[in-house]
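Order of writing sets the chain letters: A, B, C and D. Residues in each chain are counted from 1.
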Amino acid sequence: MTTQVGTRFEPLWKIRLRLFLKSFQKNWALFWESRIGPIGLGIILVFVLMMIAHPILMATVWEPRVYDPIMGFDPTLLGKHPAPPSRAHPLGTDPIGRDILSQLMWSTRSEFALGVTSALITVVIGTLIGAICAYFGGVVDAIFMRIADLVMLFPFIALLMVLRSVVHLDLLRLALVMGILSGFGGITITLKAQALTVKVKPYIEAAKVAGGSAFHIIRRHIIPNIMPLSFLYMMFNVTGAVFTEAVLSYFGLLDIRMSWGIMIHTAASAGYLGAFSQYWWLWAPPGAAITLLCFAFYLVGRGLDTVVNPRLRKR
Amino acid sequence: MRKALAVVAVVGVLAAGQVLHIGLFEDLTTTNIWAQIGPDATVWNTYVLGGQYGSLYGSVPPTWTWLPSLADGFPSDFVEEDGKWVATVKIRQGITWTDGTPLTADDVVFTFNVLLTQVGGMRMALALGGNWPAYCPDTLLAVEKVDDYTVKFVYAEEPGLGEWTFGALGCPIVQKAYWEPKFQAALQTEDPAGSLLAVVPVDEPILGGYDFARWEPGAFAVVERNPTYYGTGEILTLYEGGGAEISNPRLNYRFEAYGGAKTGPVLHKLVEGPYVDSIIYPIYLNQDAAVLALQKGEIAMFLNPLGLAKGFEDRLKATPGVQIIANPPWGFRYLAFNMRREPMNYKAFRVAIATLIDREYVANSVFQGIITPMYSVVPESNPFWHNPDIVVYGKGLTHAERVAEAVRILKEAGFSWDAEPKVINPGTRNEAVIGVLPDGQVVPAPKGFKLPDGRYCPELELLAPSAGYDPLRATFALYIEQWCRELAIPIKANLTGFNVIVNKVWAPDGFDFDIYMLGWSLGNPAFPDYLYYFWHSSQDVPDGFNTPGYRNPEFDRLAEAFLKAKSVEEARPLVFRMQELLAEDVPYVVLFDTPIKEAFRADMIEFPYTEVLGGIQFVWPLTTVKALK
Amino acid sequence: MLRFILSRLVQIAITFFLFLTVVFLLFQAMPGDYTKQFIMNPKIPPEARKALQERLGLTGSVWDQYIHYVRNVFTGNLGVSFQHYPREVWDIIKERLPRTAVLFLVAELVAFALGYPLGKYIAWRRGRTSDYVVTVTGILFYTIFTPLLAIILLFVFSNALGWFRSGGFLTPSLWLRPPVQPQTVFLLLTATVLGLLGLWSGSFFLTKRIGHPRPRAWTRRGLVLFGVILATWAWWSSGLGPYVWDIVWHMFLPVLAVTLISFGGTMLLMRDSMLEVIREDYITTAKAKGLPDKVVRDKHAARTALLPTVTNFTIGLGFIVSGGIVTETMFSWKGMGLTYLEAVLQQDFPLAMGCLTFTGILVLLLHLVVDVLYALLDPRISY
Amino acid sequence: MPLLDVRDLTMHYVTKMGDVHAVDGVTFSLEHGEAIGLVGESGCGKTSIALTLLRLLPDNAKFLGGQALFDGVDLTRLPESEMRKIRWRGISMIFQAAMNSLNPVYRVGDQIIEAMQTHMSISYREARKRVAELFELVGLAPELMDRYPHEYSGGMKQRAVIAMALACDPKLIIADEPTTALDVIVQDRILRRIDEVRKTLNMAMMYISHDIAVIAEVSQRIGVMYAGHLVEFGDTVTLFGRPAHPYTIALMSAFPSLRGEKRKLRALPGEPPDLLRPPPGCRFHPRCPFATEICTTQAPPQDMIEPGHTVACWHPQVRRS
């Protein structure tokens, strides 16, 4: 490294950080202006708080033997389960005496883990393949596009119902499978289209002339430019993943010990679902939680959409 | 418009007759008797369609007394003729098919001849599959007509209860005139069994109390009363001492069995109907809809083989007119050890785990009485076969005592720990196995569970249905896991799909599991032949039923003798001894089952009795049931 | 055009072939076999199981089975169901499909008829409160946990108000001696709906020659109204009225559920599409021409924005099987979705594969329909 | 009475960052049958004036004052329904991007007919006849009216758009960069055609362009705009002969002249101002070689320096001849 003489240059990372902060500020303002995005973010924050609060409550206020979301039960209410909301159980207990609120909070963590993992995988795959297809075109493109067509031919939930017999679907594997499947599907086509608009930009040409390798160009030029769109799709994918997990759990098709879907399934299989208002605390909280989390991520996605797609902005 | 009115009028007339609505949860899959007993043997098919046919003999609920139905009196004893064993059965006279022709020996002989026909290197009975092979055991050589009302059964060796009383004699009989041409046509095809199964019968003559009328796939099925039913007005009297009496004033038929009226006061007096003009079976695809329909009075009851879940019971309890009854189940859910593997091959290990399992705690505290703890491979609800004096490991002990006992048993057998489990404060309120003493002293958790030869115990997998399939078993498995972990026994519950378990337990190249948890439904309560299939060493082959790999020569001998027994009295002590052996050796730990709870509208339907093993769904084929509205 | 369709057909055939292969491999990968179900009855001897395996085509090498399967599909034979042995899969699909088709066709059309104008309206009123309220409501229905929606609908309409039955597709007591099979009614209903749809879209071409927009619109409405009256009259005079009504009555709740869930998608897509179109210069031109707002919105903006919405809608129709799984289960509507679910749970591979194969064909054909629709709707595109 | 009398027209765009001063106190007028031109750099507010007159501004535009009397009627205060009647019938417009001014999913002829049927009671058949005439007038084959826009070339679209603007015999046509997208030869031909048609039909015309040379050909008077202000307004000959505002002078020397003596092309230093925070006083002062103290504090009034020639500058460069 040569020492700078005279004027001191700012280190590159600082410039980058400043640029990033500046664009972040601008985008945040746009996101905020969308009004629906912040609502979604707010709901997500509430869920994050619930997730964080659970282990703390278990360690302090809640007796594990009573409040454990899977094994706990309240012996003082013996014979009264499912018990309606009370001071000890703000959302009541389930048919085998477990605390609904504890289950609800505990499951939040797995929903996030599942949703975010699966969406991340989807987006990473989709972005990479989209960029590669756009850059190379030809046979590579044709192959991946056919795969995408093929994946999109399958009804997603129906496909997972079959896969569940092939692969033992616990939370992690489900996230993986969902992520990979949707990664090779429609998202690739969308991101490729975006990458194609980037590819024809002059700076790509310039980079090629300057002798940049394909890998370098894809990594440094194409991917960063389709990242915002990828990020946007990630939000929608979280919604999809959470919803899918809930449906499969609701049908009792997943080997997960507890989740919001399983909570409703438990109520349904024990025969409390059809009593509706009489046992509302068994289905309403998990049902609302699933809906709200899906709703929230979708809102954030729509909010981001206005940031990423100028055409949707208010004029 | 006029047509529409006419239709409404017809519906009105129908409504005026006696109609019962009984809900089903699954659709029929066939109307063909061969398929219905064969590959399509579902409880739903049987429930709706089975009542059309009759068999020579049957076990009659609620006492499961074995009595003649199409036959006249009990069969003759077997006699040896030219190295073969022969018995004759007399057919009751006066029984007619719905087309007016009488039931004769020809029909019986035809039915068995279909099953005995060789097709593609095997008997038709095997090719048809399902329950047919049980009705046509290997040792049955021929069924011949002696005269119009007498049939001769020829066996290669003297048959036991399984092959005769509870085998061939229970076979449903079909009409020769109707089926003969169809059977001959099927024989001409490449796949005779497949062709026979594919026949869609139209206006098939039957002889049961209810005749199948209409099936609207996915919506409902209807049966109508058979006006020519031979049994109408027939009185079946069951006595407390086990005696039975059949009398049919119309056909001038009387039969007394097992001591008849001499065996004490009348237990049940059942007068055959059918009392209902037609029964409509609407199909509900979920229980909630059926429960709602029951509450609204749209149906009088619904058929529910597993019984009502607690929620439905809670909801229906409050509905006026609805009566809920509980009957003991005829089945059990159990834990099975793979005795081919270490350490499950050690009896002490199995006994220790059996000792640790506190069924009462799970049943009474966790599940609040919705499950019944069970201890024997023959449920105690079947007092004739159940042996009440078997060993039950750990019964009545507290948790701490169970732990102490299990540790003792394991240590005695040579198992050891790096750090042995300790019970803290035994007998006090603060007793615990591991954890923290009230004074803050931490008792170290046990660790390093070792086999008698000093090696560490391998990680063991407990396969159990996931909460999605059966929350009861899933939770129970988690408790077992927890109890074992407290003792550093490395068992991990793998809650997974039913199919996954089945495919691992019955893996193509042998039994690929450590411990699994499933359940059985047990077939005919009058004859628990499953004892043979589940634990006889001949079943310890890939795809066999002896999943634990239980091999006990004494048990094998008993089981074989049991199948060959000529009477239930002879079989009973054998079953008792078999239960003792199984309880002692614990290839299975029988855990629990749920009582069969059923709901019906007492203001719409009247049952002749409601106490019956397995539930009122066994008050069947509903010819003694009355409609009240 | 013809050449384009032909080349598309070739492409479709290749994709379909790949699809079949994947479906086959998928089910091959599933552990165990159907005859394992019989393990639950110990009295079934191994020979009987072997015989069954043979009859169900489960013996032979994987390759043989694959060839057999592909050949079967291309000859229109989807095999024999295990559960419903010996019924053919195609026979079962034929029985269940019309039920699903009517349900989803009606629901999706209603959803489209609701989502399209709403999306148009809120895009036009971008940024106002009504935009936010409708958008958020749309998203809520779009993302609502379907079983939850079904529970709420059942609770309100079936349980509390008692207006509708909670499940099934007909009232058994009415159908004891019907002059017609429900199957036929479903088919005729599908035909009616499709016919009305055809009449509606055809009315655009029929009225093309009418110069003035207002009489053109009135003629179109008149034609559709005439179609509705004709259909109602035909149903009533045929004496099938009560039967059709019974089925339609049973359809109400599931249709409502599907409508609520899917109108959001159409609406949001229409909104975005509109927002894009509104920025186009020809919209400003149209406004500058002094055209009334409504004409600019409906004729110029919405008409052009319709294209992606229609595409999405049409492709979406192909997924009625998976869409049906939840809704049909919740409302006890024995259609394709429920059939598929049961088949998968019962390991009835031929039936499950048949349902998937059928979906594949449907989606691929709808892709073709979309191409043709595009050519019809967008003059810029010609093949 | 002039056909159009614009006084003190002021309009801002409201954005999150603040108001964009798009049009500030613009005053000019236009006689019947007259053609005027508005020139200025892009973003100086020319198009905004047109849109303000037609009231086609986006939602975030804020009308702040002034009036625009069209035939004595103040367009800025007209109810929407009345305004709709003025559009196309009174004032029609040829848009900047003629390429995209036609809706791709309708036939070109129908789009013109639509405008006619909205404003005149005319049968479809008659309307078609009239479209055919208009097509001939602008030099298009009448058969083309049944084609879709994507079947037209750029020049054809431009002509069709002109035909559309003429459809309702408007009193005034605003042509916003009518020829920007075309090559120079076609550009010239189209402009001449518009001018011929205008003369034939005796319509008033308002050209808007960034290219002073182009409009000079066809306009009788020219207004020069800079950053939302109308800085100079006068008849073409005067303006070209005696440009008074430093910006106009700079503008003229920035383009090669089609006629007249050879001049050195000079590029204007600096950048056009940010209309979010326009410079105080004269908006041109940061780039003006003649700027003095007063220019930085007070906006110059629009002064008439000779008959028919107004200029807004503290230091008008009046050349005495």
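Points to keep in mind about this one:
As a working rule, a contact is a pair of C-beta atoms (placed from the backbone, for glycine too) under 8 Å apart; a residue touches a chain by one contact, two chains touch by 3 or more.
Just so we're clear, the structure is a prediction, and the values are computed from it rather than from any experiment.
If you take subunit B and subunit C together, the chains in touch with both are A. C-beta contact counts were set side by side for A-C and C-D; A-C has more.
With centres taken as mean CA coordinates, the chain nearest to the overall protein centre is C.
For subunit B, the chain whose average C-alpha position is most distant is D. If you average the Cα atoms of subunit A and of subunit C, the two centres end up 28 Å apart. Mean C-alpha position of subunit C lies 53 Å from that of subunit D. Centre-to-centre, using mean CA coordinates, subunit B is 92 Å away from subunit D. Centroid to centroid, with C-alpha atoms defining each point, subunit A and subunit B lie 46 Å apart. Touching of two or more other chains is recorded for residues 31, 126-127, 154, 159, 166, 329, 347 of subunit C. Within subunit B, contacts with two or more other chains are made by residues 288-289, 292, 499-500. In subunit D, the residues that touch at least two other chains are 59.
Here subunit C touches subunit B in the complex through residues 31-32, 36, 38-49, 51-52, 55, 82-87, 95-96, 99, 154, 158-159, 166-170, 172-179, 182, 236-237, 239-243, 329-330, 332-334, 338, 347, going by the rule given at the top. Per the touch definition, subunit D reaches subunit C in the complex via residues 54, 56, 59, 84-89, 92-93, 95-97, 100-105, 114-115, 117-119, 123-125, 148, 150, 164. Against subunit A, the residues of subunit C that register as touching in their complex are 15, 18-19, 22, 26-27, 29-31, 126-127, 132, 135-136, 139-140, 142-148, 151, 154-155, 159-160, 166, 268, 272, 275-276, 279, 319, 321-323, 325-326, 329, 340-341, 344, 347, 352, 355-356, 359-360, 363-364.
Listed in rising order, the residues of subunit C touching subunit D in the complex are 126-127, 211-213, 280-282, 284-292, 295, 300, 303-304, 377-380.
Those residues of subunit A lying in contact with subunit B across their complex are 70-71, 73, 75, 78-79, 81-82, 95-97, 164-165, 168, 249, 251-258, 262, 265-275, 278-279.
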